[in-house]
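For reference, the structure I am asking about is given below.
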Amino acid sequence: MECRPTVKDIYEYINSIAPFENQCEWDNSGFLVGCKDNEVKKIGVVLDITTAAVDYAAKNGIDLIVSHHPVIFRAVKHFTDGDLPFALASKGISAICAHTNLDIAKGGVNDALAEILGFENVSLLADSGDLSMIRIAEIDETDGESLAKYVAEKLNAPVRIADSGRKIRKVAFCGGSANEFVPDVAANGCDAYITGELKHHEFLDALEMGVTVITAGHFETENPVVAVLAEKLKNNFDVEVEIIPQNSPVKHYR
Amino acid sequence: MECRPTVKDIYEYINSIAPFENQCEWDNSGFLVGCKDNEVKKIGVVLDITTAAVDYAAKNGIDLIVSHHPVIFRAVKHFTDGDLPFALASKGISAICAHTNLDIAKGGVNDALAEILGFENVSLLADSGDLSMIRIAEIDETDGESLAKYVAEKLNAPVRIADSGRKIRKVAFCGGSANEFVPDVAANGCDAYITGELKHHEFLDALEMGVTVITAGHFETENPVVAVLAEKLKNNFDVEVEIIPQNSPVKHYR
Amino acid sequence: MECRPTVKDIYEYINSIAPFENQCEWDNSGFLVGCKDNEVKKIGVVLDITTAAVDYAAKNGIDLIVSHHPVIFRAVKHFTDGDLPFALASKGISAICAHTNLDIAKGGVNDALAEILGFENVSLLADSGDLSMIRIAEIDETDGESLAKYVAEKLNAPVRIADSGRKIRKVAFCGGSANEFVPDVAANGCDAYITGELKHHEFLDALEMGVTVITAGHFETENPVVAVLAEKLKNNFDVEVEIIPQNSPVKHYR
Amino acid sequence: MECRPTVKDIYEYINSIAPFENQCEWDNSGFLVGCKDNEVKKIGVVLDITTAAVDYAAKNGIDLIVSHHPVIFRAVKHFTDGDLPFALASKGISAICAHTNLDIAKGGVNDALAEILGFENVSLLADSGDLSMIRIAEIDETDGESLAKYVAEKLNAPVRIADSGRKIRKVAFCGGSANEFVPDVAANGCDAYITGELKHHEFLDALEMGVTVITAGHFETENPVVAVLAEKLKNNFDVEVEIIPQNSPVKHYR
Amino acid sequence: MECRPTVKDIYEYINSIAPFENQCEWDNSGFLVGCKDNEVKKIGVVLDITTAAVDYAAKNGIDLIVSHHPVIFRAVKHFTDGDLPFALASKGISAICAHTNLDIAKGGVNDALAEILGFENVSLLADSGDLSMIRIAEIDETDGESLAKYVAEKLNAPVRIADSGRKIRKVAFCGGSANEFVPDVAANGCDAYITGELKHHEFLDALEMGVTVITAGHFETENPVVAVLAEKLKNNFDVEVEIIPQNSPVKHYR
Amino acid sequence: MECRPTVKDIYEYINSIAPFENQCEWDNSGFLVGCKDNEVKKIGVVLDITTAAVDYAAKNGIDLIVSHHPVIFRAVKHFTDGDLPFALASKGISAICAHTNLDIAKGGVNDALAEILGFENVSLLADSGDLSMIRIAEIDETDGESLAKYVAEKLNAPVRIADSGRKIRKVAFCGGSANEFVPDVAANGCDAYITGELKHHEFLDALEMGVTVITAGHFETENPVVAVLAEKLKNNFDVEVEIIPQNSPVKHYR
């Protein structure tokens, strides 16, 4: 049909809700694979462009994937079998990736996380200007174990906690792998910090800073934005939009 | 007693079983805090020198801590309250840290892990010379889920698995946070790799390389060496040796 | 036919005559685009993978291009319309690029150049080991103008000369853009140096070193290897091989 | 005579028409060799300070050379025979070099090129502030071949062209070796770009960007400024000024 | 007593008279060793924290040393016997170090030097903003030898002079090891420059710039600030303050 | 005379007694200014090429200066009045500089220093291979003050000492500005170290390492080699050789 959007139309819409120029310096968000002038028949939205996601797209007539994580991150010097961008190109699928620009956007990754966590009174981390990855919520006083269980229930996922023992009223949170913000969170007097994943030494360092930290999974804390993004695309374009089925790559035992 | 060992004596013994010159270039293993000529009354052995570990040592007459993780890692320009090396020095406690030199040593971190996992037929990763972090075990054919459950039971810890679906006979393993070796493991035809912790993107990358990866906790995969090291110190010196009580900083919910 | 070679087979043959490990550190020769296990129906050989070359290949059933210049040189972070590797992948064409490994190889770029120039008594530049880009020929004594006209005739191309006025008996040569070797050429007592292209300051610097330099075109000095390579591929594989028609991108006026 | 200008006077005049502070960061324009307080008897103006130019100056009583290209470009650690600055100093000749500050200046290299090309309606490249190397001319619609022949005739030099096939109305130009501006030229909608020299890969890259590029010689596109500069010096100082005879170091055959 | 100041109180007072944020980028002034909340019984003030100074402090009940030179300068990776910060921590002594922030402060190192030299009409080096290490004094015209002898008498120390022979009216000065400012001093038309120490090549370079330079000892030119600082601390806190006895580490013979 | 040596002959002789390839990586020893084929009428030998030394040479018919310190050390981008290499070139004087290659050479700077200090039993610092800057002498047991006075008398120069109080039998020494070797000297069990100059912090650091350090002047500890070198040149060439008169740039008062 003549009114089908092009890849470029979709790119410009995403740019309007999560400007690509707001991405972190080290990031590679943007239009990464495909032809900008191609008409789009069906959009697939997904957190990670994996081999399984590409195969699903190909089998289901999806010709544009909008993902959170960039399918090219470090610069590359070949495009061969085994490289996901090559798999996309071979199958005629374009890719637009909205990573840190979507983390930081109003209505993006972290606001989707706030909503699923049921937090109200959410504000940006003090002193961080108009743009901040980090959100803060004031909650009724609780303790680490209770908050950990609450997060596990809301995200329907196993959680990890390094508990400083501190009573918790002021909670910072940021989806994904966001250890870098712990010192800021501590300096701003937050009692707890919820993120997707931390390494052993990062848990220990947070405890030495006196902050309780809870991790609920990189996938689980970011995936809520997929449905939000799919919904916005459906509402703005007369094109089929599908959430590509995807679970965390990780299963837990015991 | 006149025959008490000095800090230097302990350092030299550890150097004989896990030479400090074998540490990785980026590591800071060695004699990091204290007086080398001090006589040692009581040794505490522990994975991580935390505030809790220092307090325990001070209350229990421990004047030398032997740890796995270095209490100074990045170079520092102050030495004040809140800095663990300062807490040690203030309380008259010395510290010797054996990190990658102990990972790599015969009878070190990874051999302790092999033993607790009950693996026999353990060898070093092919092509890696006399020194390798990575061990390989040939096991009876199994699948990812069964191996994950086996590891969880042996280490008494929750495990995570990203399962490639591959049948498993050749298993590589390395305690701690050892993502860097996944490409080598894949190139050497291993079916699975057990380590302490991986990040979301590292799980995904391993799957794209076709390797099943299982993580069983940074703490849980390295802590077995603490008892081994304490035993060796007891057998070689006429001095009190105590394992400083320590659990993983992380609790799991759900 | 079941005996069709795969891309990998072609790669391994080229590796046997011009080992990819001999390429310069800054080069990106290798298998750069496509599927290594694809069966090859028709090979196209060409100096540069341009849009025109890709279009020709697509129209003529070529599914593997073997080129001299790498289609990816600097590392890239996107793979979209306007990017030649994307054009290749979209059209199902693989690419193997043999650049400095072919310059340096016996029977490669520089030996093809020697042959077309009609030079005999060709040897490698002294002191450069078994591998050298630079060849040297002893010729009957001549002068710069005569040699320039001889090269122009043999290569059927306009030439440029910065003439030191020196009588010429010992001539060094290297196809392409090879200014970096001028000091070596001067230090080895060569009277003249023939290469593909030099910049204004490079002509001046060569003159200050007392060497006569002649450039005969980057394309013209390297293109002779294309036919040589096509012939070898024809002789070694039961597959159609075609030289993709290509001229220098540059036309000369006046 | 008491009213002879000093080297410093000449430097300050050049600084007034082409401020040295406007030079590119990587450039080394300025007063490079000699004594600033020396009285100047005779100025020689030339594009490149070569051995021949120095010898000519010495034989003809020139004690200050004003050149376009810097006689010292990369920093040096010796001044011996074979080094042009040493030759100048030995013969008592000073040198002032006005390179990118003269490219960019009003009435400098690129305006001299505009004049010799007979272009009217010349403006600076859009969005480049008050200072720009690049000039743009609107011309009557023509094609690549016609424009190439026109440039060859005006500059009385052989030209090279990589022709995109595009009709040409908007022409950008910059003397010398100015490949770095091609992307800007393309982004500003120019149909053709005239410069002094480009390498093979630079011709190809320009074609992929859809821009027709014409090169007319580094020497030929910059040398027009020599006469302009000599004239200005004559008009402003009561001192003999001579253009040092110089041709391009390159001769063309065939 | 309940009104004893803490280490933090002393730090904040010093910060008010010589703000730590004014230190040079390469400096490490600040609170470097100890506990900020400790009550201070006795302050020792000294130029350099040496082993002798630490021993004196320990024997005399000093629990906070305020020094000019930082006791940690380059970042370190161990705190063991032989390291001065370790000696401090072991003996329960804190350290605050005010280096370039005190050099630059009003009433700091260089104003104390001006006073002991008996200079009036002291101003900051022109063009250096509100903050400058360098002071300038206008004095009655004298010569190098006379000024050298005057400085030697005022500071009661041997001096060195590299004498340009120039008459002296405008004298720049800066305590310590301050060769880096000689070009600025020369460019500002100063006749002489007094500092603490220069190396052989620095004396030669200053002479080539035409500036007479006099060195009177790193210790001797900076130590006057110690008494000034001790006095200020006494006047502002109800705590015992002692100047730790210290001489230059250097004795002169012949 | 037809048998006059050229600059190149002198260079090659110096290379035979102090090979230039032995210089430190950061050094710039070599033939730095002039014409290698010039016949030499008169050689001037001197420690530092200063304006005074160049003027003396010009007035006294010296056309080659052989110095210890390189007249170009950091790479330069101009060659004008005020630059010593320009002054040399303008006056037709060549310069050969033998710096660290002469420090390290048998019979070079440090052996000349040994001789003037009257030390016997001189050996190279242990573990430093055939080439070492540092010499060691065993002397009759003495103390710091006595050794300092002895050095002052032998070199006829004021000396500085930072005295560790240690009895002295094993003395290391190295002319010039040689702080970098103090840790090696300490590690090799030397009691004292004599060099040309040290900075305040370097004196303090040496004391903390337990080594007594004595400085006797950069000029005074290196200048003895000048006479040695002049003598060798006289003995090997039939050319006039003169020591250019030079004193330390520094005078001492009080």
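Think of it as A, B, C, D, E and F in the order they're written, each chain with its own count starting at 1.
Please note the rule applied: contacts are C-beta pairs under 8 Å (C-beta built on N, C-alpha and C of every residue); 3 or more make two chains touch, one makes a residue touch a chain.
These figures come from a predicted structure and were not determined experimentally.
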Set of chains adjacent to subunit B and to subunit F: E
Neighbouring chains shared between subunit B and subunit E, ordered by label: none
Chain located farthest away, centre of subunit B as origin (C-alpha): D
Centroid-based (C-alpha) most distant chain relative to subunit C: E
Fitting subunit E to subunit F on CA atoms, where both chains share a sequence, rotation angle to nearest 5 degrees: 180
Homomeric contact subunit D-subunit F: same or different residue positions, threshold half: same
Distance between chain centroids, defined by C-alpha means - subunit B, subunit C (Å): 53
Between subunit A and subunit C, centroid-to-centroid distance (C-alpha), Å: 47
Averaged-CA centre spacing for the pair subunit F and subunit A, given as whole angstrom: 65
Residues of subunit F engaged with two or more neighbouring chains: none
Chain-level touch network, classified as line, ring, star, complete or other: ring
Running round the ring (origin subunit A, first step to subunit B), the chains in order: A, B, E, F, D, C
Subunit B-facing residues of subunit A, complex: 48, 50-51, 69, 82, 84, 145, 148-149, 152-153, 157-163, 176-177, 196-197, 199-201, 203-204, 207-208, 217-219, 248-254
Subunit E residues touching subunit B - in the complex, by the definition given at the top: 28, 30-37, 72, 75-81, 85-86, 89-90, 92, 94
